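Across the two complexes that follow, subunit A remains constant while its partner is subunit B and subsequently subunit C.
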Partner chain A sequence: MDSLKLYYKSFLLQLKTFRIYRVNFFASGIGTLFVYGTQLLGLVTALYHFESVHGWNLYDVSFLYGLWLASYGIHITFFAGVRDFASMVHRGQFDILYVRPHNLLFQVMCGRMDLQAMIHMGASALVLVWSTMHMDLQWSWNLVLKLAVILLGAVLIQMGLTLIWATLSFWLIHVGSLVLFGWTINANYMTYPLSVYDSVIRWIFTIFPMAFITYFPAGWFLGKFSPGSWEYQLGSFTVPVGLLFFLLAYAFWLYGTKHYKSTGN
Partner chain B sequence: MPMITYPFSHFAKTVTFLARQAFLNATVFRGNTFFALFSDLLFVFLSIEVWQALYASKETSLVTESQLITYVVLARLLPNVMMEFVDTVQQRILSGEIASELLRPIRFSVYLLGLEIGRYGHRFLLQVLPIALLIHGLIGINLPTSGLYMALFVISLVFSFLLMFYINYIISLLAFWYTQVFSINTIKNQTVRFLSGIYVPLWFFPEWAVPIVQSLPFASIVYIPMQIYLQTCTLPQAVAYLGLQWFWTICMIVLAHWIWSRAVKQISINGG
Partner chain C sequence: MDAIIVEDLWKIYRVKEHRNGFVGGLIDLFRPVWKEKEAVRGIHFTIPQGQSVGYIGPNGSGKSTTIKMLTGILTPTSGKVRVNGIDPSRRRRENARQIGVVFGQRTQLWWDLAIKESFELFRHIYRIDEKTFRKNVEMMTELLDLDQFASIPVRQLSLGQRMRAEIACAFFHDPKIVYLDEPTIGLDVVAKERIRTFLKEINREKKTTIILTTHDMDDIEHVCERLILIDHGRIIYDGNLQRFVDNYGTDRILTVQFEEPQTSVELECGELIGFDQRQASIRFKKNEISATKLIQQLTARYPIRDCQIEEPKIEHLIRHVYESENVEDEGIHAHDHISI
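Our next item is the complex of A and B:
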């Protein structure tokens, strides 16, 4: 209960900064939308010409993109502090969290809330609605629940990834390029069906579960895999996979915080 | 600002000196180079597989598969969309330190161009060339069969670099009037990536869009050099392409100088 109150209080504080830097908010919002717009336009242009790739048409691939964007947006809502954690370590601001009587990760989460997340989620909702409108899906409560399940799994994996990058910044200075590397793979390459890649790459992204953000859950949701196939099984298991991945990432984080030596003198 | 004209030899010497310095500077960050090499190699590899799959899904008479793969590899490697100086210049404009640039005995744009040539040289030798050779060894990419086309390609690559440099330079100067540099930089990067044909080769744009996109300045950055490299255009066409590149480069240079002269006025109004 106390934690919730604390989170709410920090949220109000962040809202005040938004009211001060309003132009900044809208300007970066336009930049963000432009990135996603052009990336999606790239996918759409390619699929418009080639019609389909491995049985996924323009709208299916757009759905993959929408799913990635939605999970990224939802995870940023809670994890903006973790995303920007490297700068906290560099400036030595992390030390003070140790003397406060609350969970370290929770404090990092409270430290920053990015209202840009609203823009992410708005954009992703548009992409998801637009792409599913062009499919003959029989909408039912069951299907809505399924969508919620795949989103939850995808968000957990995004959170796990962000937490791993954050933990690495205890040891590495330039985590930024690593984060961009992971982001580029997710945004530009995992938004195509995983089956286009060769078996080594498929294995890598199945074990390091980046393919569980988009390909497996989307294929399961859209009925791209025949029931009983291993892809179908994996697709239905995104939440357990996400949970396991997040817990592993959290264990890594705990290990990192125990071995953290301040950047100060 | 009074125009001081120097003989060309002086200019060439300055630029060579700056380029050498920037090249040596870049060699210090070996970890960065290594990581960039690795990540670029992976991206190139993934792109090849994506486009092979797309190519297999529908018959197309526009290009052959090996032409497409060559395009995808080189389009990822050759252009330098985000040049390093943009960030520095913008920060110096926002902090006001830019005023000290007026004291330099050479034009600011020439100074930056010299540095950026050195950085591109470093990138070309230690990133573009090794990856292209490795991919050529593993998968095989097309090489130009005619020496004439090869020569034209080298010329078009120089124009592509100059055009990209002046676009970056103009964007960096916009910080004089517009402080939200993140969004202008992003819009520049993404526009170039999409309209130059890095994301999707311009061949595959909808038919009505192709003539429009081809004549925009962005096509001169990737699409035109690649058309010449792949010899997918006739010789007169290639010359026309070079003319288009030349036209856009001149436009950007004129625009850049105009913006810079207005910016200088702004400095002398604001500062003492």
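Our next item is the complex of A and C:
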């Protein structure tokens, strides 16, 4: 309860800061929209020529993209501090969190909130609504629950990924390019159906569970896999997989905090 | 009760050794050479509650590493640390509730907001009840004179103002121990003086244990009763500050100006360390001859216009201790080699 209050107070302070940098906020918001808009445009163009890839048409792939964007946006709402963790270690600011009576990860989360997440979520909502409007889905409470479940699983895996990149900065001082590499793979590979890739890549993304962000859950949700197939099974298991992955990432993080070397005096 | 107990504390880092040149750099990428660096090598001390201690050492002496182990930031390689009976690296959060830390080079305040906003956040971080919080904020505001800039964004404050606010933040939750890591770095004389006075007062009134690391010996002289010197990861002096000055600070320097140029100066006592016809500097030991006697001897022979006596700065004394220690240290290493 006290922790929630602290989170809320930190959030209020962040809002005050945002008020000061309004121009910056809008400028970077427009920038973000451009990045994702271009990506989506590329996707639409590709599918316009091919009509469908491995049984996924334009709207299915757009749904995949929407799911990716939504999960990324929700995870950034809470994990902006974790995403930018490397610079915190680099500047030595992480030391300060050790001398305060709270969980370290919780403090990193409190330390930074990114209102850009609203733009992510707004854009993803548009894409999701637009793509599902063109499908003949029978909307029911059951289906809404299913959507919530796959979103939760996807968010957990996004959080696990970001936490792993952050933990690496305990040993490597400059992880910037590595994180960008991870993000590029995440944002570019996961927004297409996994079945278009080579079997080696498919296996890699199944074991290192990035395919559970979009491909398996979306295929399960949209009925792309025949019930009983292994893809279908995996698709229905995204929340346990996400939970397990996140817990492993958290264990890695805890190991890292014990081996933190700190910088300067 | 002892606030801090440190027994046979070691911290060994594994650091990468860099090869020379471009090719060396490439090889480094794939086959790094690891080297063990002993930052803290088996130190001992106990600090009773309410004491103010100056923890001094040159850069790279293991000073910051010790403070980081005491505050729970770093895990010791071996040895025992107890702060209020708690092992800080194992029970970090419990330890954190009872300590305050000021990092001279890092800020705990929100850069774009006024300090009172950051203060309010501290109330939630430490779960301080409203009454205690109000009382402490009032006290800090008065002692550190924060009122005049309480509603200006931190980024617009001077370094001295910001530092005062940083120090205030460490005291709101009534910590038993406060660590200050170079709190006066880069400040002007007036700002330094204000901080020293504050620390002395808070140590006296609240019986807060104060551990101060600094490069400014005047800080130590004004605030601390005890001095711990560390160098190369070992403690080389631990004791009363006044006794340190008495033991090591027996040298005085007398500088005299002559009415008319002299060709030479002859002394019965002391050592001539500078002479340029109109002026002479003489080093003497205060337990061998008193300053008045030395001046009397000089005036008997030479017409003197002015004179001035310099006491040694603690800084010089400490440098002297380090230098003699280093000679010994090399001796130990040489011996190690022989035994191998």
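Rule of thumb we're sticking to: the second predicted complex is superposed on the first by the 264 of 265 C-alpha atoms of A that agree within 3 Å, B and C clash if a C-alpha of one lies under 4 Å from a C-alpha of the other, contacts with A are read in each partner's own complex, and residues count from 1 in each chain.
Note that a residue touches a chain if its C-beta (ideal position, glycine included) is under 8 Å from a C-beta of that chain, and two chains touch if they have at least 3 such contacts.
The model shown is predicted, which means the values in this text are computed figures rather than measured ones.
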Fit-or-clash call for subunit B and subunit C when the two complexes are aligned on subunit A: fit
Touching partner for A:Asp198 - first (subunit B), second (subunit C), both, neither: first
Subunit B versus subunit C as contact partner of A:Leu248, first or second or both or neither: neither
First (subunit B), second (subunit C), both or neither touched by A:Ile30: first
Partner chain(s) touched by A:Phe181 [first = subunit B, second = subunit C, both, neither]: first
Residue contacts with subunit A in the superposition, subunit B compared against subunit C: B
Partner chain(s) touched by A:Phe50 [first = subunit B, second = subunit C, both, neither]: first
Vertex subunit A; arms to subunit B and subunit C (CA centroids, nearest 10 degrees): 90
Smallest separation in angstrom, by C-alpha atoms, between subunit B and subunit C in the superposition: 6
Set of subunit A residues, in rising order, touched by both subunit B and subunit C: none
Complex contact set, residues of subunit A against subunit B: 23-24, 27-28, 30-32, 34-35, 37-39, 41-42, 45-46, 48-54, 174, 177-178, 181, 184-185, 188-189, 192, 195-198, 201
Complex contacts: residues of subunit C adjacent to subunit A: 13, 59, 63-64, 68, 71-75, 92-94, 96-97, 99, 101, 103, 105-106, 108, 110, 112-113, 117, 120-121, 124-127, 181-182
Partner subunit A, residues of subunit B touching it in the complex: 31-32, 35-36, 39, 42-43, 46-47, 49-50, 52-55, 57-58, 60, 180, 182-187, 190-191, 193-194, 199-200, 204-206
Subunit C partner contacts - residues on subunit A that touch it in the complex: 2, 5-6, 9-10, 13, 16-17, 20-21, 91-93, 95-96, 98-103, 258-262, 264-265
